[in-house]
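In the two assemblies presented below, chain A is common to both, partnered first by chain B and then by chain C.
Coming up: the complex of A and B.
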């Protein structure tokens, strides 16, 4: 009954940073793909497009979310992840190999690579789910925990469907359900995994970090139920080819707009008026999510591939905005926290670990990347330009992370600890 | 319920901090000092309520001496040290240092509050049962 908090809860800094360091590397890889093949990336179901989508949603977004999950579990879940170093090492390794082999499989069309991708990606994702999910069912449940559970279940199902499709690609034999499986795979991955996890985190972070009015209990209690039921019914509708399947997209879209509205209101009315880059990222994120929802609704009504592309790009950028905003807070905090807890007298302040000027640099480049990539759906030159700006953004992010880590290492080896005086 | 009572107290402390931070950002240094003092006192009082009454009663009833309450005490110690550094920075008009320390203090405080609100207080509520109301009265009676 009372299992829970322990003194050594926070995972070692390397656990989280190994995931975060990989994010800009995949970001630069994505930028290269977009720069050299802008037309192909914008062509739905083109192998290059599929490679780019998986680098974005697995190599960048899921990679950062796994890193954040390892950190959040100890705070929100209350129970530390067992053998955290070894487990993080394997999960990270599997995910890296999986994303690279899957992207390679799409680009090269090599069946063996699809098999390798299935083994490593499926392994990594199901490994995370079996490791963390049981811990989320222990102790007192709360809304964020419920969201995290649902997100991990959706991710596991997404992975299973991914494995099914990868085996179809490997054998070049597609079942009659291939298109349906792909739709379900997208819905579960984008809404079930990414949107639900971000909403769950927002319920905690926005209220507590910015000291805003709490989200309404009704909203917290029912948001995940509405999404879960809508996704479940949408899957049944898709597999049984029933009409009006778009109704479920409408319901989910309305809920996401509700989330955007209520979050914008809380950010606007926050008590902590001091503005920082993370708030700018959250604000940009909710604008991009609104754009993604509107573009998806337009694509449902007219079926234009451009609307679909805008929706997917804006959704990816929404998730990236939240990730970059949170990463800019988590990394300096972790460096500070681990040094301070170890008793180093000269632990640098958070604002000196990633200075505001470089954090603002990442934000400016993010806004330019967002603008050019969305305009790029209509003017291909802008899309190629977005790749260059995106590459600059991920390079700066990598520099920020490396400098933060170097400062951590430097203080570890040169700093004075309280016990030494 | 202990959870509601202590959660409201967390929010009241957060409010004082936001006000102090806002005043300092608006260059109203003297007002910021007064408001920070309110936050400093309210937060230390909150820690005292937990350490002198709530945790002791919980530990006596459950026999858990080295568990979650010990973890919370350790975090109180770290947070108290942060509060002292901020107070000194404000006294010496080192505004950047105040904001710098405040950033990490706030994340740490919020993580600490999350753990208490989501795990520890519900545990205490279950342990105290009907005696919860009496405990709230005891906490209210503690001098600020």
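Coming up: the complex of A and C.
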């Protein structure tokens, strides 16, 4: 009856929500940076730009992915995370302090802040890896778990390289390998951590949520191998300064386009064509990832700095699209699940926990943010405007999360339980 | 026997349907849910609220789940 799975393994709702609640706060912080310093944010390697990039990819994207990992590991991994409340508290706290100190370090150029950031960010990321990775190696392996393993390994390496670079910034002494380390840091972080984790999640949720045909076994079996081998060879090529390193970017780009195409096909072929905001987010993510890959290829061929900016912005927005779409599914599910699990008879329907109108509001603002930020690469006024729209989007997201949590608390204190009927 | 064939329904409708039916179960009534996946979260809700279940995988993307509140009824899988 139990099929080898522990049935009391879902983490308390606060474990996941603490990460999700922090996402819009960092989103508003990012919007403020972009609004007040749009030129600097668009200048590659400018300290303000580096601060903005780390707020985006650590404060928003990694923050939400950690929250989702706590939930997914418990459900998919078959083994609960030990002392989950205390561990989530520390990891979240370390990540918040780490992101704030790293952004502050870039903006203020204070060496001590780089050291603090290294300790807390490295601590948070390596803590997650040592906590969750061993659990992903027990039980029946499947493609999503394999992807999660690889993503966590890539994130750990990204963090180690980040610590190396932070110590260089702290000492204002840069090794001959600084540029190479930075390239590897970006490749591992963007492709190894973010893209792999999203592909792994897509393998699980696209066919499950939307009743679509499954991804092909070849695709599931080989996608992570191709990315892992390409990243590994790219790192060797970079450190040994061998020529034609762009070939590995081409291979990874081709695989990402393959993923985009096959996902789009699955979303199109779904059996019940019910309108759902999360599908709109996935579709937008698909377009944005395609744009990111194409812009990266253009920048490889002509070194045009605007192509690089578009590629990075589109990639960040792709990840954000998937995150916002999945958050709109996960948060109502968690509220509904924990209330039902606790035996509440009058648990609200999931569709009423975050109403469609407010979910559509977040989506509309996301589309406007995406459009203005990409056009903003060429017309700076649009980039500043994207910050205002982005701030509105993150504020609405925060309202949605707060209202969902208040509904949960209200039902906990006022709802009827099974035994009271 | 209450039959819930949720194979063609998008998530989270199958879970909501099964839990709604479970809340109304009485005596020796049994829900027979047919689903394309094993709904693990549903099992936690059932077991925490005095129910029992039997989950049988009949083929790829074909699961039969039997749910009851009875503590004595023997749950068994019958081919449909």
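Here, the second predicted complex is superposed on the first by the 416 of 421 C-alpha atoms of A that agree within 3 Å, B and C clash if a C-alpha of one lies under 4 Å from a C-alpha of the other, contacts with A are read in each partner's own complex, and residues count from 1 in each chain.
Note that a contact is a pair of C-beta atoms (placed from the backbone, for glycine too) under 8 Å apart; a residue touches a chain by one contact, two chains touch by 3 or more.
Bear in mind that the values here come from a model prediction, so they are computed numbers and not experimental data.
Because the two structures share chain A, they can be overlaid on it, and in that overlay chain B clashes with chain C.
In the superposition on chain A, A:345 makes contact with chain C only, while chain B stays out of contact range.
In the superposition on chain A, contact of A:336 is made with both chain B and chain C.
In the superposition on chain A, A:44 makes contact with neither chain B nor chain C. Contacts of A:211 after superposition: both chain B and chain C are touched. Of the two partner chains placed around the shared chain by superposition, chain B is the only one that A:142 touches, whereas chain C remains out of contact.
When the two structures are aligned on the shared chain, A:271 is found in touch with chain B and with chain C.
Superposing the two complexes on chain A places one region of chain B into the space of chain C, and among 26-34, 44-52 or 62-70 that region is 44-52.
Across the superposed pair, chain B and chain C both touch chain A at residues 1, 5, 7, 9, 75, 208-209, 211, 270-272, 274, 329, 332-333, 336-337, 340-341, 349-350. Taken together, the chain A residues at the contact with chain B in this complex read 1-2, 4-7, 9, 75-76, 78, 139-140, 142, 145, 204, 208-209, 211, 270-274, 329, 332-333, 336-337, 340-341, 349-352. On the chain C side of its complex with chain A, the touching residues are 8-12, 16, 19, 23, 36-38, 40-41, 43-45, 47-50, 52-55, 61.
Remark: chain B residues 14-15, 17-19, 21-22, 25, 62, 64, 67-68, 70-72, 74, 78, 96-97, 99-101, 103-104, 106-108, 110-111, 113-115, 118-120, 122-123, 126 touch chain A in the complex. Within the complex formed with chain C, the residues of chain A that make contact are 1, 3, 5, 7-10, 75, 208-211, 214, 270-272, 274, 276, 329, 332-333, 336-337, 340-343, 345, 347, 349-350, 418.
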